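I have a structure here, written as C-alpha cells, and I will follow up with some questions on it.
Chain lettering (A, B, C, D, E and F) follows the sequence in which the chains are written, and residue indices restart at 1 in each chain.
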Amino acid sequence: MSTVDLRYLDAHQYGQWLQQPGATVIVPVGAFEQHGPHLPMASDEILSGHMARGVAERTGAKVAAPMNYGYKSQQKSGGGDHLPGTISLDAATMIGITRSIVSSYLRQGVTRLVLLNGHYENYQFLYEGIDLALREGGFTTSKAGAPAVLLLSYWDYVTEQTLAEVYPDGFPGWDIEHGGVLETALMLHLQPELVDLDRAVDHPAAELPRFDRLPVVAERTPVTGCLSAPTGATADKGRLLYEQVTMSIAADLEEELGSSPA
Amino acid sequence: MSTVDLRYLDAHQYGQWLQQPGATVIVPVGAFEQHGPHLPMASDEILSGHMARGVAERTGAKVAAPMNYGYKSQQKSGGGDHLPGTISLDAATMIGITRSIVSSYLRQGVTRLVLLNGHYENYQFLYEGIDLALREGGFTTSKAGAPAVLLLSYWDYVTEQTLAEVYPDGFPGWDIEHGGVLETALMLHLQPELVDLDRAVDHPAAELPRFDRLPVVAERTPVTGCLSAPTGATADKGRLLYEQVTMSIAADLEEELGSSPA
Amino acid sequence: MSTVDLRYLDAHQYGQWLQQPGATVIVPVGAFEQHGPHLPMASDEILSGHMARGVAERTGAKVAAPMNYGYKSQQKSGGGDHLPGTISLDAATMIGITRSIVSSYLRQGVTRLVLLNGHYENYQFLYEGIDLALREGGFTTSKAGAPAVLLLSYWDYVTEQTLAEVYPDGFPGWDIEHGGVLETALMLHLQPELVDLDRAVDHPAAELPRFDRLPVVAERTPVTGCLSAPTGATADKGRLLYEQVTMSIAADLEEELGSSPA
Amino acid sequence: MSTVDLRYLDAHQYGQWLQQPGATVIVPVGAFEQHGPHLPMASDEILSGHMARGVAERTGAKVAAPMNYGYKSQQKSGGGDHLPGTISLDAATMIGITRSIVSSYLRQGVTRLVLLNGHYENYQFLYEGIDLALREGGFTTSKAGAPAVLLLSYWDYVTEQTLAEVYPDGFPGWDIEHGGVLETALMLHLQPELVDLDRAVDHPAAELPRFDRLPVVAERTPVTGCLSAPTGATADKGRLLYEQVTMSIAADLEEELGSSPA
Amino acid sequence: MSTVDLRYLDAHQYGQWLQQPGATVIVPVGAFEQHGPHLPMASDEILSGHMARGVAERTGAKVAAPMNYGYKSQQKSGGGDHLPGTISLDAATMIGITRSIVSSYLRQGVTRLVLLNGHYENYQFLYEGIDLALREGGFTTSKAGAPAVLLLSYWDYVTEQTLAEVYPDGFPGWDIEHGGVLETALMLHLQPELVDLDRAVDHPAAELPRFDRLPVVAERTPVTGCLSAPTGATADKGRLLYEQVTMSIAADLEEELGSSPA
Amino acid sequence: MSTVDLRYLDAHQYGQWLQQPGATVIVPVGAFEQHGPHLPMASDEILSGHMARGVAERTGAKVAAPMNYGYKSQQKSGGGDHLPGTISLDAATMIGITRSIVSSYLRQGVTRLVLLNGHYENYQFLYEGIDLALREGGFTTSKAGAPAVLLLSYWDYVTEQTLAEVYPDGFPGWDIEHGGVLETALMLHLQPELVDLDRAVDHPAAELPRFDRLPVVAERTPVTGCLSAPTGATADKGRLLYEQVTMSIAADLEEELGSSPA
C-alpha cells in the first residue's frame, strides 16, 4: 500500500494523520488530452501525479485523488479542443470541482493544501475555485489560523540550469511544449512503457499567431497534435527534470508551510 | 499497455478505433469517500473501474478516465458527508462534469457511450448531465443516427441467484451496503492488497430512519463509517459477483448497442 | 378557512403561530406529469398535499404552498419526459426552488421544516437544495439551536403489512408504481371526482431495462403512460394507505421534532 | 371536473386538445407573500389564478398549474422580503422556473402560451425566462410557425374608466397597491371567505422614497404590511374589476393569437 | 484631473479619501443601445454618467467607472433587442456584475454606495445583485454599522413641475420615453456635439400593446427605433431637467446618508 | 464625432456600416485596478482603449464600448485583489459579459470581432466567453461563412527590438509589469495629464514566489502596489511602444480578416 496516496488509505488512518500539525494534502491536476502519436492521452494526469508523489515523498505530504479532466485545450498551448482524444471541461465545471474539493478539505480541517497543475490551460480556473472556496469558508486574510492553499504549475519550477541541459540548442518556450521534449523526457523516465518513440514524428515547432482565433483554424495545428517534436528527449533528461523539480517544489512547501508529519 | 484503457492509448490510435462501427466508450463513475477502517477511500472509483474494464474486455469497448469524485455522501446510503475522508462535489459540479464529458465525446463522433456508476448518490446528477448534453447537441429523440447514452449502477445487475449465494442469511438491502459484504467481497477478489479485514469491525446493520435529516445527526452513523459489517465477505463471493455482473452488463450492451470492434 | 394551510392564513396570524415552540412547517412537493388516462396530471401535487394536510392535522403542523412542478420524469419511474402532459423543471431550478424556500423559512425563524415528496425523481435535488440552504445559513451541525429539516417520500412509510393488504398478489416494486394501484387507490379515497376508472387500461407491468437510455426509446413506455395497471385499486385501499402513512409520518415527526403548538 | 384547469385533466385528453389549431395555455404567476392582516398569504396566486380561469372561460384556453412562489418582495411595491409570511425565490430560480416551463410547453408543441402575472416584482424575471426558452428552442423571430409567448400583468388592463369607479377619490398609483383596494375588492368578489375586513387596519398610504435602500429600513413599511389601506374595497368593485380585466385580456388574446378550440 | 471621477484618481489618494466618514461612491449604470438616428448608442451611459457627476459635485461623492452595458432592451420601453446597435447582457450577467462590484466596494470598507440607473430594463437585476452582495457580506438588516446601498433611476426624480415645463402638451409616459424629448433635451444640454437633430424623424408615439410578446413582432417598433419623437427637445429643457434632478438626488443622498467629505 | 468609436455613433449609421464586407469591431478590455501612486485606477481600460482606437484608425475597424471591469487582480501579476482601488469581477461574470457581448454582435451579423485585452488576468475568461458564444451560435468550425473572433493581449505584440529600446538594461518580464515602465511610458505618451511621476516610488522589482498562495500574504506586495518601478519610463518610449504595437496588431488583423471598409 502506497503510503503517500490517499486513495489507497482507509478513512480512519487518514483521520489520525489529519490530527498531526503540518498535515499537507497535494491534489494533482491533469487533463485528458491528445499528446501526439507517441504519448498517452492521460499524460498530464500521469505527470502531475508523479510530481505530486515525488514531492510528497520528500515532505511527508499525502497525495489526493487527481483532478483528471482539465479545461479546454487551446491551440497555442495544446493543439486545440477539436482534436480527437481531447475531452474537456468547461470553465464553470473546472471552477466548480476546484471549489468543491478545496471546500471539502477545509471543512475537514486540512489547513495546508497544494494544487499541483500539469495542464497549462487549467491555471486561472483553479485560482478562481480556490478563491471561491476560501471566501465561502470565511477565510479572506492570511492571519494566524487561516488555511494556506498553494497553486503551482510544475514547469514553473524548472531552473535555467536544467533548461540549459535539457535543451542544449536553446529553449523554445513553454507555450509550444505540448508533447515535446519536456513531457516526453519525463514520461521516458517515469513510465517508459507508455511511450512509443517509434511513432514520434519530427517536425519543426508550430508557428502560431500571437492571437487566439475562434473557431479554431484546424490546419494551424500540426497533424501530429504536437506543437514541437520530442526530438532529443531521453530518460536521463527526464530524471534530471523530475529530481530537480520535485526537490524545488518540496523546498518551497517546507519553507512556506513547515514540515509535514512523517 | 492496456488495450481497453483510453488513458494509456495515444490519440492517433484512438482516432482510428473511433472510425469503426460500434465503437463504445464506458466512463466509470466513482467517489472519494470513507469506506470504513478496512477499505480504501477510493473504493467506489476502484470498483467501478474494474467493472468497466471487465465489461470492456467482454465487448470490445474502451474505458475512459474515471469520474473519480462523486456527489455528497448521504447518511442513509453512505454514512454522511461529515465524515473525514469524504471529499464531495456539489450537484451543479457533478452535473457539469457529466455534461462536459458527454458533450466532448458526442462532438468527437462517439455514438455509444455508457456511464457505469459505482456510488449510489451520483445517479440523478449523472442523468441530468447526460440529458443536458444531449439537448445541447440537438439529440432529443432516439431516431436513426442519434447517439445512445446508457446510464447504470452496477449493483442493479446482481441477480437474485447471486444475492442468495452472497447473502445466505438474507439480503439486507442496497441502502445499507456501504463498506459491507458486497463491496468488501469485490475488493477481496479484485484488489486484496487494499483490504485489511483485521481492521473490519463487526456491528449490526445501521437502523436509519425513513427520512433524511439535515444537518445530519452524526451519532446515527456507526463509528466505523460502515452501514453494515463486511462479515462473511470472501474473495470467492467477490469473483462470483464480478463475473456475473460484468457478464450481465456486457449482454445488455451488446443487445442494446450491437458489438464493438475488436 | 382551513386551519392547517398557510396559503389561506394571513401573515399576522402566521407570525404569532411562529413564535410558539415546536412550530413545524410541511412543504408538499409534487410534479405536473402525465398519469395515464384515468388520473389527472397534477396527481403528485394532489397526493403530497393530502398527505401533508393529513400529517398536519395529526401533529399541529402547518402546510406551506406546494412545490407543484417537479424534476424530469424518467422512463423507469414515470414513463418519461417526452410524454404530453409532463411539464418538468431541470435540476438547477429544482435545487434553486428548494434552496430559496428553505432559506426563506430559516430566515423567518422556522426551525422545524419538513419536505414531503410525492414524485420519485425529485428526491436528490430536494436534498441538495436543503443542504445548500443550511450551509448558506451557517448550519452545518445538528447541535442545540440548529434547525432541523426533514426530507421524506411518503411511500417509504408504507408498511409491509399495508403492502400485503393493498397488493394481495405480491408487490411489484415502487419503480413501476406510476399511475398504478397505489396512486389510483389514494386518489379514489381522497379525490374520487378526479379519477375516471372507465378510462383505465389494463396491461401488464412495463418491463424496463436496468439501465436508463437517453434519448429515450419512446416505445418502451406503454401507450397509457402508466408503468403498471391500476387494476384492483379501491377507495378502501386508498383509505388504508392514507391513514397508515399519515399516522406513521406523524409519529416520526413527533419523535424527531417534538409536538407542534395546537 | 373543471374544463379549463389542466391540473385536473388527464394527459390523454390534454394530448387530443393540444392537436387543435389555436390551443392556448395560460400560466398564472403569483407569489407567497404577506398581504396584511385581512388577506391570505397566497393572494397573488389566488388572484392570478382567477384571472387566468376567467380569461380561459372567455377564450377556450386552458390554465396550467400556477407558478405559486415569486420573486423577492420589494419595499416600494410589497412591503419587503423581511416580513414574516413572505417566502421568496431568488432571481436565478425565478428565471429557471420560467425557462423550464416555457421550454416544456414549446417542446410539446404548444405555440400559444400566456404568462399572466399577479406579483409586481416578477415581471422582468419572467421576461428573461421566456427569452431564454425561446432562444434555446431556436425561435428568435416571429416569422410564420414560430410560437407566440405573451407576458402580461393583469393590472395593466384596468381601464381609466374602471379606475375612476374603483377609486372615486383618485387613484394613488400601482406601486402602493399591495393589500389595498384593488386586491381586497377582487378577493371580496372571488373568495370572500378568505377576507377578514374586521382585521383590516386603516392607515394613510405609505410614503416611500424614490430609491430602494438595502438592507431595508424595516420601519418604513407600515406595521400592517400593507402599503395602502383597503378602505372602500367592496365585492361590487371586485366584480367590476374582474369582469373588465378578464374581458380586456380575452380580447387581446383573441386578436393576437386567434380563437382557441372550444 | 477630475476630482469626482474615480477612474482618474490613483489608488493611494482613493485609499485616503475612503478613510473619511461619509465617503460615498456612485456607480452610474447605462446600456449600449440604439437610440434612433439622432442620438448616439451610448446615450444611457453618457446620461447616467453626467447625472452621477452632477450629484457628486453637489455632495462630495465620487463616481465609479460606469456599468456601460445593460439588460436586454424590451420593445415596450426601448424598441427591442433585435435592433442593430443594441448590445445586451443577459440577466445572470447583469446580476453578476452588480453583485461583484457591490461586493468589492463593501470589502474595501465603502459603506455608502449608490447605483444610479439610466436604462429602464436594468432595475430589477441591479436590485437582485445588490441583495445578493449584501447577503454574501452578512448584511441583512439596516442596524448600526451596516452599509447602505441605494438604487435609483434618475427619471423617478423628475418633479411634476419639471414635467409640466418640459412637456407643455402633456407627458406621454416614461415607458415610451426612449430617444424622445427627455433624453434628447438632456443630451442637447450635456453633449450637444453628439446630437444630430437633423436626423431626428418626427412620428407619433408608438402604440404598443399592454403585453410583451416574444419573439418580438419587429414591425411594432417604429423604424426610427424611437418610441416617441424628440420634437420639442431643447438644450434649455435639458438644463432644467439636469439641474432639478441632480439637486433632488443630492438632497436625498444627504438626508439618507449624511454629508460626504469635501 | 469620433469616427471610430461606436459609442458616439448612432444606430442607423452603424447599421449601414455593418452591411459592408469586412466590417470589423474591436472590443477593448480593461480593468479597474490600483496602479500605484502615479497612475490612475482605470489605466488598463485607458490603455486598451487607446490601442483599440490606434488599430482602428489604421484598419477602418470600429471600437466598441470597453469592458471596463476585469477579473480579480492576482498577486503575481497585479499586486492582488485585496488592495484598495481594485474592483473585480468573478470568473462567472467575466465569462458572462464576454459571452453576452460576443453573442450580441454575432446575432447582428458582425463576422469579424476582436477582443483586445489590457489586463493580464482576464485572458482565459475571455477565451471561455468567446467559445461559449460561438457554440451557442452553432459556429464550431472555421469553414466559409463562419465568423472569426480574435483574442489578443496587446503586450504580446511588443517586438524584441522594441523591448531592447524600452528596457536598455534588460527586460524584467511581463509578470511584474504592473504600473511599471511599459504602462507608465504608454500613459505618458497617451494621457500625460493622468500621470504624476512625482508620486512614483522607486523600489526594486517584487520577488514573488513561483506559486500563488491564497489567502494572499499581503506583505509580499510592495506598499506602492506596483510590482516594479516606472523608473526610466518616458513619453518617447510610450510613443514607440504605441506605434509599433498598433502597427503590428493592424497588420495581423488585415492579414487574418482582410481590410475593413473605409
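One rule holds for everything that comes next: contacts are C-beta pairs under 8 Å (C-beta built on N, C-alpha and C of every residue); 3 or more make two chains touch, one makes a residue touch a chain.
All values derive from a computational prediction rather than experimental measurement.
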{"item": "Taking each chain's C-alpha mean as its centre, the one farthest from subunit A", "value": "D"}
{"item": "Gap in Å, rounded to a whole number, between the CA centres of subunit D and subunit B", "value": "47"}
{"item": "Residues within subunit C bordering two or more other chains", "value": "90, 92, 140"}
{"item": "Chain contact graph, described as a line, ring, star, complete graph or other shape", "value": "ring"}
{"item": "Cyclic ordering of chains (reference subunit D, direction subunit E)", "value": "D, E, F, A, B, C"}
{"item": "Touching residues on subunit C, where the partner in the complex is subunit B", "value": "71-72, 74, 81-82, 90-92, 95, 121, 123-125, 127-128, 130-132, 134, 139-142, 146, 148-152, 156-157, 209-218, 252, 256"}
{"item": "Residues of subunit F that touch subunit E when the two form their complex", "value": "1, 6-15, 18, 32, 34-42, 45-46, 64-66, 68-69, 83-90, 92-93, 96-97, 99-101, 104-105, 108-109, 193-194, 196, 199, 225"}
